[in-house]
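Input: a single structure, listed below in structure tokens.
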Amino acid sequence: MTGAHVIKQSEAKNLRLTLTFCAIFILALLVPMLEQVYYTKLIARISVFAIAAVSLDLIVGFSGRVSLGHAAFFGIGVYSAGILAQFGIAQIWLVMPIAFLVAGLIGCFIGAISLRTSGLYFIFITLAFSQMIFFIAQGLRMYGGDDGFRLPAATVWFEGVDLSQAKVLAYTMLGVLLAVTYVAHRIMSSNFGQVIIASRDNSRKVNSLGLQPYPYQLTLFTLSACMCALGGVGFANLNEYVSPASISWVQSGEFLFMVILGSAGTLLGPILGAAAFVTLEQILSAWTEYWMFYLGVILMLRVLFLKTGLLGLISKQGA
Amino acid sequence: MSLGLFIEQVFNGLQLGMILFLMAVGVTLTFGVMNLINLAHGSMLMIGAFLIAFAASTVHSFGLAILLAMVMVFALSWFIEKVLVKHLYAKTHLDQVLASFGLSIVLNDGVIMIWGREPLYVNLPSWLEGPVQLTPTFSYPLYRLVITGVAILAGLVLWYLLTKTRLGMQIRAGAEKREMIGALGVNINFLFTAVFAMSAILAALGGVMLGPMISVQSGMGDPLLILSLAVVVIGGIGSLKGALYAALLVGLVDTLGRMVWPSLLGALVGNIVSNAAIYILMALVIAIRPSGLFGRQLQ
Amino acid sequence: MSQSPILETVDIVKSFGALMVTDRVSLSVHSGELHALIGPNGAGKSTLINQITGELEVNSGLIYFEGEMINKVTVAARSRLGISRAYQVPQLFGSMSVAQHLIMAEIASKNQGFKMWAKSAGLDDLSSSQKSILQQVGLLHLASKPTAALAHGEKRQLELAICLSSKAKLLILDEPLAGLGPTESEQMIELLRSLKSHFGILLVEHDMDAVFSLADRVSVLVNGAIIASGTVEQIKNDPLVKSAYLGEELDVH
């Protein structure tokens, strides 16, 4: 029966993808054990950006809107870690939830207004909001203004174990990435996820069936902001620095790059995209000081010549 | 605050407005006619500034240097449209955002590859330097008056082009109602290339004029790009009249605001609001009246 | 046929500026009845439908559903009350399969969209009633197919199937026969006939064979106003209708 055959094939593909990712994840877990700080920090960096990319994919890939302002939520995480540390609060079980909540509040406010628009206007309004947050951060002279400030204290698990240690940071952020991806996967596989996807495809029809997309999209947007901020906390610890540069529209653009590099709307794709981005960044900058130039060329090539990102390419190989 | 200072700031605001107008026209036309979002527009301004710095140090005549710079920008933008941009018209906004973002990174690093990281300075010819005594008590830099004049002139040339020539009418029709382009039997490829090149030239002109006033360095156009996006949203996408009024409004609000907010709200908050004010206005417009002052209703 | 109508509009008026597109339209639909709405292109049928479903606001007049005034009720809420609409151009979800469309319709009608953790129903979880709906429209063998793989006729069948799977009481069908070939049209007509006893149906159609074969009542909309309303025989013989519409627009198969 053709129907059953089609299902089995995509189930097999799913299994293959899941196994591939389990393998990659296990590899990622093993790298820090090599005690090479450079590579361990690389894993941490990839995880941090992957968290941001996964959270952005919920909006771009699944909700079908382009947010040019996610760096704002990332930055909220960065600044939460920094400002809390300034006040002597560095315990991870306080810093992460607080960053999560602050980003949630601000994300809910921004989302409530922005989600009344779509298309070009959504791009602009998210950009406008993130610019506001950028200028707020830049204007906080007591926190270094445009220069930012050194992270006063690394986020701490318990006495002697904190995120200034590369291995701890890498495992922590890998753990957060796993949690974020799992939660995102559960949500998008649920009824809620179906409503989101349906609203992306045809919001008029969703209304006609009996549901208004707005509350669902707002919930997801808020959650996305919360998740992105967790990545920001990791970023602050990775660089041991807090600066408005993490809130620039260029940073938002880089997150979009990661999502589309990996394949939007897949959750696993953005993780691949983040890994590819960071890897390219490292390889190119070791080779030439003009690595941004080549990164830009790669981005243009991806958009012009590839119909899909890395995950899409990998899936096709298998099939 | 003295009257003289106030008037000076008004002049500065109008002048910023005129530069923003040059940027915004290009943005609103490319949106309106080609439905294209182009984040590399700021880089075109930057390239204009670099080229004038380059040309002015190479040839003796400042006027010739400007001409040289504009010709190079025209050629470059024609090339960019033919090689990259024309593939983007049919693509999604996400693709356009990313591709033009990639282009802006390439151009921003490209100028560093050619000219290094140190900011360049453009030396003004002596006949453009110095203040002009407008009233017995008030003088204003000659150069700033000149560039305001040039921007107004550019605006008039643009107005003439758009209202009195066939190409111009096709562009306006397309900007207001894209579906009309096909019906008008227009050579779409040529029209699109022309609009893109025009918008690049206007941005570069802004860069050429700004070059002598601020330090010429990589990324200098990006803050203006984002401001010009705000201008276009406030004025209304696809509306040239909107671009003009909104640009002047934004220029004035931004410049005068920087004087006012700190005294109203204190140094810290005032500084933040000075920077963020236009974006607050932009968000308000999108939330309340998305079509802006003069724009058509997008879906 | 029950006594009180499930849908009733009273003198609804809609203008766009100086142009009046709905001119004091009053009509009703009873449960178990198929009420056909016919009229030339541009008569304002779609606009009228949009006001009934709530996508457009009426300027004046009242709309009642099961006796309750629904003028201020949102599109989504009206749908959950039981107003179900099949669009003229099928409004489907491009990334979903046939089965997922029915699942989505059920999530919506039962207002279970905020379940965020449990896995949503899949192909294997289709209820027997959902399967029988797919069977009825001839799509059961295509249940796993994505929208992109469907032929035009199959998309229309899916559009109809979605309407049936919600707890619908009133079906508003916008030209379900448009673009169908002769065999497909016959199948659709029989399908619609089988639906009559379960729902109230407001059928917008140009295909006069279908209308005369199925309708219990017919209303004729011209320039936004109902110029005649009655049984098939009454409408067929109405001179006003003949001159305004039937004479020119007779769709013969």
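Points worth noting:
Order of writing sets the labels: A, B and C. Residues in every chain begin at 1.
Throughout what follows, contacts are C-beta pairs under 8 Å (C-beta built on N, C-alpha and C of every residue); 3 or more make two chains touch, one makes a residue touch a chain.
Fair warning: this is a prediction, and the values are worked out from it, not measured in the lab.
Think of the whole protein's Cα atoms as having one middle point; the chain whose own Cα middle lies nearest to it is A.
Distances between chain centres, each the mean of the C-alpha atoms, put B farthest from chain C.
Distance between chain centres (mean CA atoms), chain B to chain C: 51 Å.
In terms of their C-alpha centroids, the spacing between chain A and chain B amounts to 32 Å. The distance from the centre of chain A to the centre of chain C, with each centre set as the mean of the Cα atoms, comes to 43 Å. Counting partners per residue, chain C has no residue that reaches two or more other chains.
On the side of chain B, the complex with chain A involves touching residues 31, 37, 39, 84, 87-88, 91, 93-95, 97-99, 101-106, 108-110, 112-113, 222, 226, 229-230, 233, 237, 268-269, 271-272, 275-276, 279-280, 282-283, 286-287, 290, 298-299.
Contact residues of chain A toward chain B in the complex are 60, 66, 68, 113, 116-117, 119-121, 123-125, 127-129, 131-132, 135-136, 138-141, 249-250, 253, 256-257, 260, 264, 290, 292-293, 295-300, 302-304. Looking at the complex, you find that chain A touches chain C at residues 1-4, 6-7, 186-187, 189-195, 197-198, 200-202, 204-212, 216, 219. Note for the complex: chain C touches chain A at residues 53, 55, 74-77, 79-80, 85, 87, 91-96, 100, 103-105, 107-109, 111-120, 123, 141-145, 162, 166.
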